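Shared between the two complexes below is chain A, which has chain B as its partner in the first and chain C in the second.
What follows is the complex of A and B.
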């Protein structure tokens, strides 16, 4: 067997161990260990991506001596490898972009635990991306939940504690529904491996036995994972949690954690139930509707915010809506659009959050629109990054956000008439609203502040590097969009097989 | 709005928290300024208040008084409705599921059959559950052990007081520091006499359960819980001084890191060899004796000590804000 095939498993297991070691190291050493390990993870994921693209197929990796229904296994294809590569890159850049805040916002003796949680989070995200077993997914959903709550909580203030409490309650509700779904599904199929369940579910669906439990299971999975990924009516925890956490946490939570759960949902839809059953159960209609509402309401929420981080958090609600609209189209093209949006948002939003952190730095730690006036002049690299991110969110060509709007529109045109009209109208309105709240911020950060003086301060090297790398990623995504969309499409074909 | 409602308390906590956050960064005069300008929550409200339209103002007051109350009530009704709907749905689903112990149930299939019939031969344990969780599905259990680790770290983040002055109760009021421990019956005669008998027993029984995890029900998780209970009982009966002598911060980190790393390395070796089709060269031992099950015994020991550490860590952090 090729050595490369071991890499996904090595990244998952040793990220856990890296987290354990970070808990006993001094903050500086923990930071270095975490970054070096993440860089290694990135390199390994990249080589897996190249390998799967050359192979033009996916492979199954047996976790131990025993084959799948008895033991565990992970499944690696181009789409999974692409997600893993993007996630590890974004993780490193998010940590670098907010490094100063990590050290200033956390209590001194607990900074190393930040890196512990980051490493555990990477491990769980990778496991969610690669797993082929529903129970493994649940175990790592637990790690993901705890680690992401801890990342919010690590900035010690009353506001973050309240936000964490809300986040924890909602997140545990989601986990609980997901677990109940797995339990009922195990009761009616007797399997945990995705392929085996898929076979049994088709039989059950054909015979009509257990039709109520099956509907309830699909409902529980959808609602549970929708709560955890902040789909519109369940989004109330998100602005607090993402708005009050330290810059890196906001970046990681919005860019990666939300997406991890959506990937699990896509997996469940594709590999466990299959699109036919999802369509027959009409779940996708609800997801489509809520996605549309999220696109509009999230943007309206962002429009009303004066606090830049909460504005970005509301914008995440809208962007998650785009993903669900893609899923709700229940067509191949819609899923491609959803996956492209996952990637595009994960290279855009963390950049915006880190840039917002940079603005707070040069504005005396305050984050309302009035306070950060002229911040783009004081922090030039952050200003440039924010502009790129904002233009990408609005959907200007050659930036990442444009690619999603394009693929989503194409998917909408290929869909049935009602969906096409609703989706096109929603994309148009949402784009307009995005422009309405992002463009004024760009003007705000580049206008002269009231007291007149605006000398650029020298940015920290890690921050500047992260911002530049994010900009390159974003523009690269927009320029090489065709290759990425093709890779995602091919990956999705292999994903469902 | 009721003054004692959960949400109003939450709100006051938010206010208090934010004030505390501002205190750290701003001087008092600045603080007043920002609070004054920060009062309107959003732009729309600002325009309403500035222009002082009677209609708008009336709507605003109605929302802040009557509206919140109505919302509060609706919220409760909706919550009750959702709960009862969920209960109804779950009960009706249970009615559809196969009966407990039904031999025709879908869950009785080739997977379970192999666990039951072949676990002695393939994993070397006579306890099929241990074989299943530590060998067949060992990866899941590795994740589960790290769930505990993540939870313990989160509690440390939330509760550990790093300031040594505050921790040893030399400052501020007793409620904040832990001097209230003096009021607790740690000199209680019955407790101490009972603990003298029970503490050694619980440690020995915990070790017994861990070591016999491969031959009888039990294993790392349950044995570790027993040992953790022994540690907690020691500190309840004889005070933290007694446990701190052999189990402090450093010991905790040492044991925990060693256990988890050993576990991850063993599992990584096992998975790597198994996946690549190499013989792993682990002697499975004699089924039915303590030395059996190959890697399951060391895994049980590692998990056991980790669970004991986690349990004691939760207790100590909640009681005194440190280990």
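What follows is the complex of A and C.
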């Protein structure tokens, strides 16, 4: 057996261990340990990606070498490896991009706990990406919830505490529904491994028995995970949580945590039920509809915000809508668009949040539009990154956001007439709205501030590095879009097998 | 309709479990008092565990603990749901602890447990 096959498991387990060590180290040491481990994780995930692409297939890793009905499995294919690689890279850059804020926002002597939570979050995200067992997915969903709530509440103002409480309550409602889905499905099939459930579900579906329970189960999974990933109309907790947290937390929550739950949902659709049954059950029609509403309402919400971080948070609601529209498209092409959007948004939004953190730095810690006027002149690298990110969100060619819009419209054209018209119209309106709120911000940050000419301050090395790396990632995503889309498509084909 | 009622009565464990889940869910979602929300969360989780435990029970069999060297699987109930319940309890204990800690901090800061009032006060704090 190749050594590479152990890497996914090692990344999950050692991230947990790394979190434990961070809890007892001094802040500086914890930071270094966390970053070194994340870099190693990135290298491992990249080698897994290369390995699976060469193999052109997926492999199953059995925990403790127990076979299927007893053992727990993780399953790795190109899509999973691609997500893991992107997530670990974005995680490192988000931490670097907001490092100053982590140390200044956190209570004295508790900074190391931030890195504990970050390591736990990585571990749970990787487990969600790789796991082949539904109950394991539930356990890691909960770990993910706790870690992400802890990341929000780190800045202990009253407002953050309230945002965390609301976030936690909504998340718990979501995981309750998700667990109920798993329990009923276990009651029907008696299995927990995804492949075994898929076999039984197909048999049961063919006989026509249990059709109502199956629909209900799909509904529980969809609603539960939609609440956790802030699909419209369950998004009310998101702007508060993402808007009031420290820069790195907002970046990580928006870029990675929301995506983790969506990956679980895609897994459930593909690997547990199979696309055929999902199409027959028509539950995804609702996901499509709510996705469309999220695209519009999220953008309208962002348009009304005067606080830059809350604006970015509302934009995340709209972007999550794009993912759900892809999922609800009822086709392979739609799923490809959803996965591409997951990746594109995870290389764009963290950059915007970190840049917004940089603007707050040079504007005396304030974050309304009026306060950050001219911030792009004082913080040049942040200004450049924000411009790249904003153009990507609007959907200018050669940036990541364009690839999404392209694949999504292609998927829409291949779909049935009603869906095509609705989806195309929504993409058009949403693009227009995106431009309406992102372009003025670009003008705002580069215009002259009221109190005369401000001189550029020298950016911190880690911040500048993170911003440049994000820009390279974003443009690279746009330029090599064809390869990425092909890899995602192939990965999805292997995903369903 | 009688068919449905009969099914509900035969599977009374599951019916009770889902009713419990519903009570907990609505309490967690709707109640304004944070402590009652936490109680609702525990109701919800207990309902789920009852459902799982009821699914794993086979009438007339023993708990899957071997004491007299008898390894015949026909004598014992299905141990997997019981294991899942234990894992689930661990998870729900930890989220309950987290939520209680959060509630303590909120109470220290705002001297109330009413989530609407706390939200209102927190908004005012910033402006």
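To be clear about the criterion, the second predicted complex is superposed on the first by the 497 of 497 C-alpha atoms of A that agree within 3 Å, B and C clash if a C-alpha of one lies under 4 Å from a C-alpha of the other, contacts with A are read in each partner's own complex, and residues count from 1 in each chain.
Criterion: contacts are C-beta pairs under 8 Å (C-beta built on N, C-alpha and C of every residue); 3 or more make two chains touch, one makes a residue touch a chain.
Quick caveat: nothing in here was measured; it's all calculated off a predicted structure.
Visitor: For A:20 in the superposed arrangement: first (chain B), second (chain C), both or neither?
Guide: A:20 contacts chain B only, not chain C.
Visitor: Given the touch rule stated above, what does A:116 touch, chain B (first), chain C (second), both, or neither?
Guide: In the superposition, A:116 contacts chain B only.
Visitor: By the touch definition at the top of the document, which applies to A:62: first (chain B), second (chain C), both, or neither?
Guide: In the superposed model, A:62 contacts chain B only, not chain C.
Visitor: Touch check for A:440: first (chain B), second (chain C), both, or neither?
Guide: It touches nothing on chain B or chain C.
Visitor: For A:233, decide between first (touching chain B), second (touching chain C), both and neither.
Guide: Neither chain B nor chain C is touched by A:233.
Visitor: Check the contacts made with chain A and report whether chain B or chain C touches more of its residues.
Guide: The partner with more contacted residues on chain A is B.
Visitor: For A:199, select first, second, both or neither according to whether it touches chain B, chain C, the two together, or no partner.
Guide: neither
Visitor: Regarding the shared-chain residue A:142, is it in contact with chain B (first), chain C (second), both, or neither?
Guide: both
Visitor: Considering only touches as defined above, state whether A:107 meets chain B (first), chain C (second), both or neither.
Guide: first
Visitor: Quick check for you: in the superposed arrangement, does A:476 touch first (chain B), second (chain C), both or neither?
Guide: It touches nothing on chain B or chain C.
Visitor: Following superposition on chain A, which residues of chain A contact chain B and also contact chain C?
Guide: 135, 139, 142, 146, 149-150, 153, 157-159, 161-162, 180, 184, 186-187
Visitor: Considering only the defined contacts, which chain A positions touch chain C in the complex?
Guide: Residues in contact with chain C: 135, 138-139, 142, 145-146, 149-150, 153, 156-159, 161-162, 164-166, 168-169, 172-173, 176-177, 179-180, 183-184, 186-187, 192.
Visitor: Residue numbers of chain A touching chain B in their complex, please.
Guide: Going through chain A, the ones touching chain B are 1, 5-6, 9-10, 13-14, 16-17, 19-21, 23-24, 61-66, 69-72, 107-110, 113, 116-117, 120, 123, 127, 133, 135-136, 139-140, 142-143, 146-147, 149-150, 153-154, 157-162, 180, 184, 186-191, 200, 210, 212-213, 216, 304-306, 364-366, 368, 370.
Visitor: Residue numbers of chain C touching chain A in their complex, please.
Guide: Where chain C meets chain A, its residues are 14, 21, 24-25, 28-29, 34, 37, 41, 44-45, 48, 51-52, 55, 80-81, 84, 87-88, 91, 94-95, 98-99, 102-103, 105-106, 109-110, 115, 118-119, 121-123, 125-126.
Visitor: For the complex, which residues does chain B have touching chain A?
Guide: Contacts found on chain B: 10, 13-14, 16-18, 20-21, 25, 34, 37-38, 42-44, 89-90, 92-93, 96-98, 105-112, 114-115, 122, 135-140, 142-144, 146-147, 149-151, 153-154, 156-158, 160, 162, 253, 256-257, 260-261, 264-265, 267-268, 270-277, 280.
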